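In this document, chain identifiers A, B, C and D correspond to the written order of the chains, with residue numbering beginning at 1 in each.
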Amino acid sequence: MDFSHYAPLWGEALLTVLAVLIVLLGSLMKNSGKLMGYLSAAGLIAALGLVGSNLMIAKPTLFFFDTISVDALSQFFKVVFLVVSLLVVIASLSKYTGKGADEYFALLLFATVGMMVVASSIDLITLFVGFELASLSTYALAAFDKSRKNLEAAMKYFIFGSVSSAFMLFGFSLLYGMAGSTKLTVIASATIANFGPAALIALLFVIAGFAFKMALVPFHMWAPDTYEGAPPLVSAMLAAGSKKMGFAAAFRVLLVALMALRMEWYLAFAILAAITMTLGNLAACWQNNVRRILAYSSIAQAGYIAIGFVVVGKAYGLAPTTAFNGIPISPAQLGLAGALLLILGHALMKTGAFIGTAQVASMVSKNDANDPDDISNYAGLVSRAPVTALCMLIFMFALAGIPPTAGYFGKFVLFSSAIYSGLVWLAVLAILNSALSLVYYLRIISYMFLKEPAGPKMAEPKGYVVALVLTTIAVLYIGLFPQAFFDWAVQAAAVLLPQ
Amino acid sequence: MYADYAYLIVGLPVLAFLLCLFVGSRLPRGGGFLTVLATFAGLVLSLGIFSEMYPDKIIHQSMPWFANFNVGILIDPLALVMLLMVTFVVTLIHTYANGYMNGDPGSSRYFAEAALFTAAMLGLIYADNLLQLFIFWELVGLCSYLLIGFWYRKPSAAAAAKKAFLTTRVGDVLFMAGIILLYNNLASLNIALKPGEYLLQFPVIYAHLTQIPPAQLTLIALGLLGGAVGKSGQFPLHVWLPDAMEGPTTVSAMIHAATMVTAGVYLVARMFPLFYAAPYGLTAVAAVGAFTALFAATMGLTAFDIKRVLAFSTVSQLGFMMAGLGTGAAVGTMAVGVAMFHLIGHSFFKALLFLCSGSVIHAVNTNDMREMGGVGKYMKWTMYTMLIGSLSLAGFPLFTGFFSKDEIIVIAYEYGVAINFLPYIFLVLAAVLTAIYTFRMWFTVFTGKERSDYAKHESPSIMIIPLVILAIFAFGFGIAAQGGFYSYLDSNFGHYDVNFNELAVIGGHAAEETKLAGEPAAEPLASEAGEGAKAESKAEPAEPWYIQILPIIVALGGILTASLFYWDKVKKFDPSLVTGDKDPLRKLLLKGYYQHEIMTAWFAETIVYGSALICNVIDIKLVDGWLNWLSALVMGFAQHVRKVQSGVVQNYITALVLGVVVLVVVITMAKEVGLI
Amino acid sequence: MISNAISLMIAIPLLGAAVSFFAGSKAKFVALIASLIPLALSLQMYMEFDKTSKMMQFVESYNWVPSIGVKYTVGVDGIGFPLVLLSTIVSILVIIYSWGETKKPNQYFALLLLNEVGVLGVFTSLDFFLFYIYWEIVLIPMFFLIGSWGGPRRDYAAIKFFIYTHVASLVMLLAIFALYFTYQMPDGSRTFDMLTLLKATADKNIFPTSLLNIIFAGLLLGFLVKMPAFPFHTWLPDAHVEAPTAGSVVLAALLLKMGGYGLFRIILPILPHVDKAFVTIIAIIAVLSIIYGAFLALAQKDIKKLVAYSSVSHMGFVTLGAVAFTTMSIQGAMFQQFSHGIITCVLFMSAGTIQHVVGTRVIADLGGLADRMPKFAVIMMAGFMASLGLPGMSGFVAEFMVLTGSFATLPTYTMIVVFLSIVTTAAYHLWAMQKAMFGPILKKYMNVHDPHAYELFSMSMIIVLTLIFGLQPGLITGMMGTAATQVMQPVMTLSQMGVI
Amino acid sequence: MIPLELYILLASIMFTIGLYGLVTQKNGVKLMMCIELLLNSANINLVAFSAYQPNVNGQVFALFSIALAAAEAGVGFAIMIALYRLYGTIDLDTIKAMRW
């Protein structure tokens, strides 16, 4: 039997098999942590290759009774997820070596697969399954080190997560009831707008479900605690990976299935985006735990990214007045592309930042600091761990949107799209917010570079360093040569918003 | 051929300046001889140029500078006499200084600064455009600042230097405003300039005066007058000059008596056509001058510091010159000749007086006349040279001062006849006081018995020789040069395309038009030599005999009065009748009309500095304050916001539910009101 | 004729920064070389520069992000080149001045070089995208210079500086977006090309005045904050007081000039097409900056703060000259940029030297230093004289041109400035000099002495420059004049110039 | 047969009860039960709808969700047990070390 036409999905397949394999091997041979790590790294690289092999896929190809679609958008997200988990795995190589490492890596891979499924699913069922796969594995990961903080984080994450997924499921059920199908395209063609309140309820339940992953205020409550409490590398995975899964799902469902309710979710996201970026930045100002600062910062970033929804909702159907490099691009497309670029950028920056914290934590916890993430441990980091400090510096400036970095370019396109579609108030708010965000980014920076060192020079574990440097290079590269990425994002956006 | 080297007149002193500055400390006497040589070379060149130019040639060289300005050299009679005077007097003073400053640790610095001053002063004189003149004008001010503050370790010296700079700066601001105004007026005429012509060049200015609106002319004139007032220490900007005596005496002689302070007068003379054309221009000049002449003289009566007496007398004499120029409203360009003549003469005898006082101070080691007395017994040369100077200053017949000062009084009378007698009255009174305070000084210093013990010896010959030379000029210059000088100066504006009749009409001298009509001085191109002399002879009979002899009476009477008070041989009255601080009036004089209290203590320190402090408060509390206030607000708000995160998972769920509910409500309402 | 001179000039310090960061104590030599080459390049460019042409010169243009119409376009004309010259000169002198830096020298010199990169980039970029990137990059080295070599309140100062100016730049960015999305190239695509966009603003159909006013205000804010002009100046004194000497010098001599450069390059071409009320507003701001700044300087106790406020006052002349919009005033304003750039160096260096030789900057505690530091006293005196506008030094020429030129269009404002500012300026300079340098030497300073040779050298170099440009302004006013006349005509795009 | 509205009503009631429990209860296990209520209310919906639809997607969906709910319960209880080991309680409102 010939599976060759499943080629676009070999990436997922490979990772699934690998995950199972790792579990088996792990149960057979003892403390083979390193091997597992290298295996999964290799697997991820391979998957990346497979996904990349048909990156610029022209028209969507559908699988499994039209429940899975492989298209530019899905590939975009898959690359993001794969890159993130690859970086996390590389970093983990110097942390999870001993007993239980196999489970760790297996869970990581399962989570990745789940996200990839979500990225390309165009049916509520597959979407829900993928969503849960990712969630469940990350619940487990959040508690992985079984410290008090881990468990508290995991507990909150789990309760909140399952509640919101229940909301999502209920919303799905209503959608199914109204449209009579679970296929996004069918739902889109069904006249669910006529159901009035029911449709609105369904919409908001679905949004609640996604917003939990995206960590939009007020569905963000779990995020700061979880990001602070979970093992740092897992936080990286959560902030950079599964958060983006929320966006992937939301793009699919809202922009395909629920376009009829555009005005409703336009308003909803306008409110959410505004509150989210403001609250996130404000709350970050007073934190002393670096990972908590980063958590709030990633909430704020989610707020920026959510501008993409607002722009699309506002400007959907507006004819393009601009030809970029010959190709006409509508405001909606530009907004979506901007959101995608910022997703890409943020995924990298946040992974890097959290890996940085992980490294610092691993270094200082040897001389048992009571809270390894406390900002006081970052004092004079530049002389204690120069490479980490420099990379962190880049990430901080990137998160603050200082050129020339990925963060800057993402914001640049996204905010400009806001102007393009006439959402000046939102652009101004976002600008003010990114100015406000400097308060805490500069605080971290001034701790790392301007304060006197808190201790002697420290040895920087290889794995972390490699991951950090790779991430830094990527962040700067996107900032300096955004051309290809912009085109790619536009192409991905065109999948949902064809001209 | 000398003309081709005119630039060296400034160039050599600059060279001397650089040499003294960098290697002076290694040279004998701080390299003073360099300065002397440079200046002397200037004198020689000037003489050469004079020989070439006399009687009726002028030199004008010019090259472009930046934007639409140029640098250039303009040597006409007016500039030439100044050049000769300055180079001559300054050479002597530098020579004297070689003795006077000998042994001072900073002597090389002194000679460097002195050389720089010389350069600047000469550059000021033969600048061919107003901007260049202004630049050297400021440089002269800088040198004055440096030299007054030469003994910078003395706080009083540093303070005096600052005061001098700032006070003159006030004048310079007006000057600059005048220039800006003039430039823009000329620019708005869209004059088609020939190659080598630039807007601010004097010939160009003279030529286009008639096209500038009279009101503007008056403003410009007042601006320039402001500059002159500042530099020449006229009321109310004279306050710096007495304090300037903190500097070495040679500096006082060179800058604050003979040369720099005359720059203001020179400026007015240089721009005479403009002042003439400007309604009320010359009237203002006359008023300022006459008032200052008297005002300063009164203060000269009571000062005890010998140099301050001379300083006040300088201010007063500069007032005479200004007034002389002012009378031009009545007598036309002739006034320039008269004023300049007094300027030159004054520079001789005032330099002489200062150097003599310096020689005295050198011996007595104090400026206070109350500690001197009887010095004459030990310093014959000094005494007699100073006597000559004093007689000249007092206007004793046949001395230079007699011809120059009294000529001013005479034309002031004509001015009175034509327009207003006030200046005349003021000047006559000032003349009386001049004679009195001069001889008060002379008697107190040289006669009577020693009031303190001081080094009883004559100064070295290197100091005496300049005194003698100056004394000769202080006596003889008047007789020798008067007639020729007037005619030469009168020819000055004849070299330019300037029509005094039209200017007179613009300037509102139409009243005197009838009177001026006959006067060649006021005619265009009154260039032939002797014209002025004719004007003189014509002007003479205008006065009755008593006006002619009045000055003589004034001088003699003044000297007599002084002797009755201060010459122990014929002493009749006690000086304390007029001096001392018993009653307000005498106190007022002693304190110099409280000008220091008003200008420095009240205006500068209270008003200006106070408002500065207020600005500072505003800046901190308001302009910067709102920022800190805002950030405090935001941060405080943030402090509350983060409290929302209660840490209890149940509350999180509540937030989730509430979020959904609120969104539902908001969106439904939005739909109701048709927002979406 | 060097090809890609500008890119080279920017690349070399960047490289140097990277190298010197890892060069440890050898960093200063690296820095010296890496700043010497750009200086040589800029002098070479000066030789080749055609002072009479209205064209952009040394233009390089490559596609960068074609999709959104971003190009790497650099080039200089009479507006930009003098500042390029200034940047290279000041950078190397600052590096020489801080030759004795011992605290983390590698970072220190790396940052100085990075700063040079930033400012050179700003003065040469002809593409808004590129321009903005450099504009922001400049903040970073300055932040660290203040933050880690600064005084006691350095954190506050550094963060205030960063956020205050960053907010302004973000507002400017919004305005740039507006420009970008309003103007459309014939083929329907968009561009960030500076000259093209500026030229387009003249077209009422594309940019209705109402819209252009908003855009203009946004851009203006960005530049006025950088200048800084009243009432946006309050970040400056804090930054200066806390910054290390080199930081202050670079900040005052180069960073402030970015604001002025923005005025000439971007604001003036738009000015004729916006609401006339703006002229009044800017003029008032300028006059207030000049006078208010001078009065504030008069009130300061700290000599460095005094100098800082004097910068506010002097930069006001730039604003005034620019908005007066006559050839001479603009020319003068440009020259003021240059001249203040060099003069302020010596002022801040003097303040710094006093700080580290005597140990305090509080004027009231100083006295009679001239007695022990004669050489330094002469240089400082020269610097202060230059700063108070003494003829024969560059400051006077600039201010005279500004005032003379401005009088034609803004007589009242000009006269207010003339009467209120000049004497005040002289007053605070002289007061500081007298108190700090003259009078009897205080007991506690009996054993102070002249600073190191390298400090004296770089200071005297600057004095020489002020004299050269004061006596022969034509060296550089020529190209400025050309630029000034060009500024008052409609903008020429690169394609019209035929350079690309 | 029973009208659809009643199913939806039932589901909604269950969902509300679940939410009420989540907001009010302290004990972790009770919270788990409430979550189950939420999920199952959704399942009821799905099944009921699919009964009125030509296709059986709803029932398939329900099966999937039941399976996932089971897995979720597994993970959840694992966490709860671990919590109990460390904290000696599963009153979740007492576990709030991380806040603000």
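One rule holds for everything that comes next: contacts are C-beta pairs under 8 Å (C-beta built on N, C-alpha and C of every residue); 3 or more make two chains touch, one makes a residue touch a chain.
Keep in mind that this is a model prediction, so the values were computed, not measured.
Novice: Which chain is the middle one, judged by CA centres?
Specialist: Minimum centroid-to-centroid distance belongs to C.
Novice: Can you compute the centre-to-centre distance for chain A and chain B, using the mean CA position of each chain? Integer Å is fine.
Specialist: 79
Novice: Using CA atom averages as chain centres, what separation in Å is found between chain C and chain D?
Specialist: About 65 Å, centre to centre.
Novice: Report the inter-chain centroid distance for chain A and chain C in whole angstrom, where each centroid is the mean of the CA atoms.
Specialist: 42
Novice: Provide the C-alpha centroid distance between chain B and chain C, rounded to the nearest whole angstrom.
Specialist: Distance between chain centres: 38 Å.
Novice: In chain B, what residues contact two or more other chains?
Specialist: Each of 642, 645, 647, 649, 653 in chain B touches at least two other chains.
Novice: Of all residues in chain A, which are in touch with two or more distinct other chains?
Specialist: Residues 155, 159, 163, 167, 224-225.
Novice: Following the definition at the start, I'd like every touching pair of chains, please.
Specialist: According to the stated criterion, the contacting chain pairs are A-B, A-C, A-D, B-C, B-D.
Novice: Can you name the residues of chain B that touch chain D in the complex?
Specialist: Listed in rising order, the residues of chain B that touch chain D are 642-643, 645-650, 653-654, 657.
Novice: Which residues of chain B touch chain A in the complex?
Specialist: Against chain A, chain B makes touches at 634-635, 637-639, 641-642, 644-645, 647, 649, 651-653, 655-656, 658-660, 663-664, 666-668, 670-671, 675-676.
Novice: Name, in rising order, each residue of chain C that touches chain A in their complex.
Specialist: 64-69, 132-133, 136-137, 139-140, 143-144, 147-148, 154-155, 158-159, 162-163, 166-167, 170-171, 173-174, 177-178, 180-181, 184, 187-190
Novice: Quick check on the complex: what are the chain D residues that touch chain B?
Specialist: 19, 22-26, 31, 92-93, 95-100
Novice: Of all residues in chain D, which touch chain A in the complex?
Specialist: By the definition above, chain D touches chain A via 8, 11, 15, 18, 22, 28, 31, 35, 38-39, 41-43, 45-46, 48-50, 53-55, 57-58, 60-61, 64-65, 68, 71-72, 75-76, 78-80, 82-83, 86-87, 92, 95-99.
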